[in-house]
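What follows are several structures.
Both of the next two complexes hold subunit A, though its partner changes from subunit B to subunit C.
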Partner chain A sequence: MKNGFRQSMAWLHTWTGLLVGWLLLLIFMAGTASYYREEISRWMRPELPSARVSTDVAAQRAIAFLQDKAGNAEMWYVTLPQPRNPAMSTFWRVPADQADPSKGRRGAFGDATLDPNTGGELKARDTRGGDFFYRLHFDLHYIPVYWARYLVGFCAMFMLVAILTGVITHKKIFKDFFTFRRDKGLRSWLDFHNVSAVMALPYHAMITYTGIVTLMVMYLPWGVKAVYPQDEDAFFAEAFGGLPEVSAPAEGRATPLPIAQLLDSARAQWNGIDVAGFTVSNPGAGNAVIDIRQRDGKRLSTDTPALRYDMVSGALLEASPPSGGATATRGVMYGLHLARFADGGLRALFFLSGLTGCLMVASGVVLWAVKERPKHAKRGRVGFGLRLVDALNIGTVAGLPIAFAAYFWGNRLLPLDMAERSGAEANVFFYAWAAALLAAFLWPKRLMWAWQLYIGAATFALVPVVNAFTTHAHLGVTMRSGDWVLAGFDLSMLAFGAVLALCGWRMQRWTPPLSAAEKKKRAAAAKAPAAPATTSADASV
Partner chain B sequence: MRHSSERASFRPSTFFASERWGVLSRSLAAIVGGYALASMTSVFCAVALPTARGQAVLTGMLLAIVVAACSALWAFATRSALRAWVGILGPTALLAAASRLLGAWA
Partner chain C sequence: MTLFALTLSFSAFTALSLAMEKHPQDLHGAAAATPARRARWRVLGWILLAVALTLCVVDHGWAMGPVRWLGALTLSGVPLVFGLYPYRPTWIAPLAIALPLVGLVAALL
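Showing the complex of A and B:
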C-alpha cells in the first residue's frame, strides 16, 4: 500500500496497535493479574482459615453437605480444595419438575462454596476476589458477556496482526534485543517498546494465539454447522472427549460406598496422582455413578482424564477415551494460556512476561503520541487526535493501576454486611478508573501523568497499611508465621507502589532532549557568550 | 498518495484512488473478507481432512485463526485495494465451492 512492503506493515502495525491499545491494556493487565487469581482470592477473604484437611476428609464433608442440602438432586458437582485454593466449590441440578420456574433455566441449579474444615458453607466476606480479574479479562463488565467476548476476540485479532507486522517491521530484531538508548526522547520510547516486545516475543505470540483458541468455537462455529448440521452436541462429545453424559433416570435406593474408597481406587489407576473433584449422577440411587477427575497441575493440557465408577459396587465402568490429535493440541493451547500447570518460579515468569506485555502495549500507545507531537508543535496547537490519545493514554496507562489498587481498598473498606457487596467492589474499580479518565480528559498534560502515577503509587503502597488496620492478616502476622502467599501479596503491593512512584518522578523531572540543531546552537552560544541562549523545549506533556 | 485526498476532485477514478477510501476498503477486506476466508478455511478443513470429523473441525478452527491474521497482512500489502479484495474473496469462493462439492451444508 505504501512504498514498500515493510512500510505498509509499519503503517498497519501503528494503526492496529493504537485503535485497540487501551482496551488491550485492560485485557492484558486483568489477564496478568489472573495468574495469581487464587492468591488474590485468598488475600481478599482474610477470614478463611489456612488449616488444611486431607482430600478424603474434604470429600466426605462435601458429600455430607450435599446429602443434607441437595438430597433430591439428580447431579452433584464438587471441586475439592487445591493447593492454591483452600475453599471447595459445589453445584447441583435438581429434576426439572422440582426446579424453581421463576429463575428460568437456572432454576434447576444450586451452588455453594464450602469450608473443608467445617463442612459448612464458607463464612467469609462477599467478594469475587481474583475471579473478578479473570472474568474481566474476557467478559469485561457491565455489558452482555456475548458481546464482550466478541469485542475481546476482535482486539486479540488486532493484537495478533500487530505482533506479526511488528516482527516484519523490524530489520534488526536480534540487535534490538540488546539496545536501549536512554534519555533520547522518541528513540528511547521506541527502544523501550522494542525491548519489551522482543524480549518476551514468544510469550506475546503464544498468549495472543492461545487466547483466541480458548474461544474459537464461539468465533468460528461454521465448521461445526457444516459437518454437524442438526446435532452440535455430538461435536462437543466427539471433539472434547470426556465421559458421555449419564442419561438414565434414578432407580431404587442404595447406600453408596465410602467416598475415600472410590477416590483411592482412582488414585491407584493414575499411579498416585491426586483427585481434583468428582461428579455424582443420581446420588443415593441404586444406579448412582461417580465420575472422578484427575487433578491438573503436572499436565500442560486442560483436558482432564476422568474415571467412572459404579458408586454402589465400586466397579470401574468407563475411562475417558484418549483424545485425538487436534483435541490434544487445543487442550495444550488452552493449558498454555491458563498456565495452571505452572508452580512457583514458572508462575512468576509468566506473570513477569504478562507485565512485559502490559509495558509493550503501554509504550506503544505512548510512542504514537511522542511521534505525533512535533507535527503539532510545528503547527502551534495540539490537534483533536493527539489530545484524545494523550487523554486516553494518561487515563489508561497511569489510571488503570489506580483502579486495580482501589479494588483492593474496596475489599477492605466496604462494610462487611453490605448488600451486593461483591458488585460494589467491582464498582469501586470502575469509579476509580472513570475518575482517572475524566481528569485526564479535562487536563491532558504531562503533570497529569505525574500526578496519576503518584496517586497510583500511593494507593498501591497503602494497601498493606489499610490491610493492617482492617484485618488480622497483615504483614506483621503473615511474615512471622511464614504465610508467603498473603505476605507476598502485601509485599508486591509495596513493590508496585515503589515502581509507580519512580515512574511519576521520572515523568515530573523529565525534560525533552535537545535536537541536534539545538545542541549546535547552544555550542555556538557558549563560544560567543554575548548571544542569549535560547530554549524552545516544549513544556507540554 | 497522501495528498490526493486533499486535492479533492469529483472524478470517480481519483475518488477511489484516494488514500482515505483505499484504507477503508482495505480495512473492510481485512476484517470482513478475512473473517469470510477464515470461516471457509475452517469449513473446508472440516469436510476435507481425512481424520475423524470432530478432529477435522477443530484443526480447521486452529488453522483459520492464522489465515485471518495473514489475510489482514495481505489486505494492506497489495498494490491496490482491488487486488486486496480479489486475493481474499477469490480463495474464499474456491474454498466454499470445494466444501460444497465435498458435502458441506448437505
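Showing the complex of A and C:
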C-alpha cells in the first residue's frame, strides 16, 4: 500500500479497475445492448408480423388458440402484443398426470408464439435474439449460471469500488469538469477517462449499485436462511409474491365471460393504463380465475400491479397487495436497472449513458497501458505485463464490437433449418471474439488496433447489406413503410460502423506527441521563447 | 419536451463552462473572463439547469422527471466536452443560443 489517503485510493482504483476491466466491458456492452432487447429480437426474427391489431382482438385470438391447443391445461400464460414487440407469446402447464415424462420437469409445459393478426402459431427462425445479450450480461455463457453470477457480482463490486476510489482520486473533479485536451497522449486519455466517468456519474453509480441489488438475495442469502431456515420459497412469496395460490379446478365446466369485458374492467380499475398480459388458472372450469397484469411505463418499480377476476362471474376477487417499504425500494432499484418503464426518448438516454460507461471502462484499461509504456520504452523492451494488457485491450476493446456484429451476421447467414441454431448463433459471437483475441495476442501492436477497428467498422456497416440480401425487411422497405424499429436497427449499425472506422483511422494516423524535453529542445533550436509553463505541469500529473 | 430540456442543459453547461477560468479564454481570449462576468455565467447556468429539471418534473412527475433530467445532462455534456470544445469551439456559442429555440419549437409543435 502506498502512503497517503489519495495515493492509496489511486492504487486501489488502478488495480480494481484493471483486474476486472475486460470482463466488465463485456458486461457493460451486453447490458447496454439489452436496453434494445425487444428491438434486437424483432430484427432477428424478420418473419414476425409488423401490423398490429387491438389488444382485445389479440387477447380473443390467444384464448381461442389456447382453448384449441391446450384445453386440458391447468394454467395459460399470455403476453399480449406490446408497442415494442408485435408478437404474442404464450405458455401453458398441463396436469402432472398428462405431462410428457421423457422431458422431465419441462414435460408439463408447452409454448407458442402467436401472430395477433391471424391467431395462428408463428414459425420464426430459431434465435435467442436480444435475450442472448440480456443473459450474457449476468449469466455469461458456456459456464454454469451460478458461477457466472458470482463472477459478475465480483466484477460489479470491484466496479463500485473503482467508482468511489475514482471520485476520491480525481483531484480536480469540478475544475476539470469540461476539460478534454486533445492530441496530448497520456493527458488526453486521462481527460477522456475522467470526463466519460464524470459526465455520466449518476448513471454509473446507479447502474452498478442497482445491478448488485438485482442479485442481492443470491449474494447475501444468510438473512433469508436465518428467518426462513426450511423454506426459502415462503420468503419470496411473502416479500414479492403478488396474488395467492389458486385452488384446484372444480368439477364441471362453465363458459367464461368474453375476455374483452374482463380486460376493460381491469383498465377501468387502473384509470386507463393498458394491459400487458394475463394468466388464466383452471381454464374452462367453474372456478376459473384470470390474473391481469398492468403494462410497464408508468412506474419506476418492476413490481407489476395485478388484478384477479372470477372468469365466469366477472367479480373482482383480489388485487396485488401494496408492497412494503423494503420491497418497494428493491422494486424501484430493480426497475431503474432494467429501465422497462422508459419510452423512446428516455430509452435512448439510458442507451447513450450505457455507451458512455463502455467508453469509460475501455479508456480505463487503455490508460493503464499508455501510462506503463514509457517505463518499458526506457528499458528498451516490452515486458510481459504490458504485452498481456495490450493484447487483452486490443482483443476486447476493438474485438468485442466485431463479435457483436458477427452475431447479427450469424442470424442472417446460418441455414434456417439447422439443428441447435440459436446456440450456433451464440457460438459465432464467441468464435469472432476468440479470433480477435488470438490475433491480438500474436501481434499486439498499434496497427492491430487499426485493423481490428476497421474490421469492426466493416462488419457493422455491412449488416444492413447482408440483411438486404437475405430478407425482405431491408432499409428500402422498412424506411418506406415507416417501420422505425427495423429501420432504426439497420441505421444504427451504419452509425456504429462509421464511428469505428473513425476510431480506426485515428489509430492508424496517430503519431506520438512530443515529450516536454523534446519540445524544449526544438524550441531552443528555433531560438523561440520556451514552451508555456502549463505544459510541464500537465506532464507531471 | 425532453428535447427542450436536453437543449437547455446544453446551454446550461455552456454557461457553466464559461464561468470557469480556462474555458472563456479558449473561446474569446483573456478579456472575457473577468470575475463579474464569470459569476453571471454561473448564475445563468444554474438557472437553466433548474428550468430543465422543472420541465422534466412537470412533464413526467417526481419519479420519472429527475431520471430523465440526469440523462439529459449526460447527453448534452458529452458532445460539448468531447466534440465541440476540442474540435469546433467556434460553434459552441451559436449552438448554445440556437438549440434551445429549436427545442422550444419542437416542444410547442
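Some points to look at:
We adopt the following convention: the second predicted complex is superposed on the first by the 516 of 541 C-alpha atoms of A that agree within 3 Å, B and C clash if a C-alpha of one lies under 4 Å from a C-alpha of the other, contacts with A are read in each partner's own complex, and residues count from 1 in each chain.
Here is the rule we use: contacts are C-beta pairs under 8 Å (C-beta built on N, C-alpha and C of every residue); 3 or more make two chains touch, one makes a residue touch a chain.
All values reported here derive from a predicted model rather than from experimental measurement.
In the superposed three-chain model, the partner touching more residues of subunit A is B, compared with the other of subunit B and subunit C. In the superposed model, A:350 makes contact with subunit C only, not with subunit B.
Judged by the touch definition given at the top, the superposed model places A:239 against subunit B, while subunit C stays out of reach.
Once chain A of one complex is fitted onto chain A of the other, the partner contacts of A:330 are limited to subunit B, with no touch recorded for subunit C.
Of the two partner chains placed around the shared chain by superposition, subunit B is the only one that A:226 touches, whereas subunit C remains out of contact. By the touch criterion defined above, A:215 reaches neither subunit B nor subunit C. The interface of subunit A with subunit B does not overlap its interface with subunit C at any residue.
Every residue of subunit A that touches subunit C in the complex is listed here, in rising order: 175, 177-182, 192, 195-196, 199-200, 202-203, 299-300, 336, 341, 345-346, 349-350, 352-353, 356. Touching subunit B in their complex are the following residues of subunit A: 1-2, 5, 8-9, 11-12, 16, 157, 160-161, 164-165, 168, 209, 212-213, 216-217, 220, 222-229, 235, 238-239, 324-327, 329-330, 333.
Partner subunit A is touched in their complex by these residues of subunit B: 1, 22, 26, 30, 38-40, 42-43, 45-47, 51-62, 64-66, 68-70, 72-73, 76-79, 99, 104-106.
Contact residues on subunit C toward subunit A in their complex (touch as defined above): 2-3, 13, 16-17, 20, 22-23, 63-64, 67-68, 70-75, 77-78, 80-82, 85-87.
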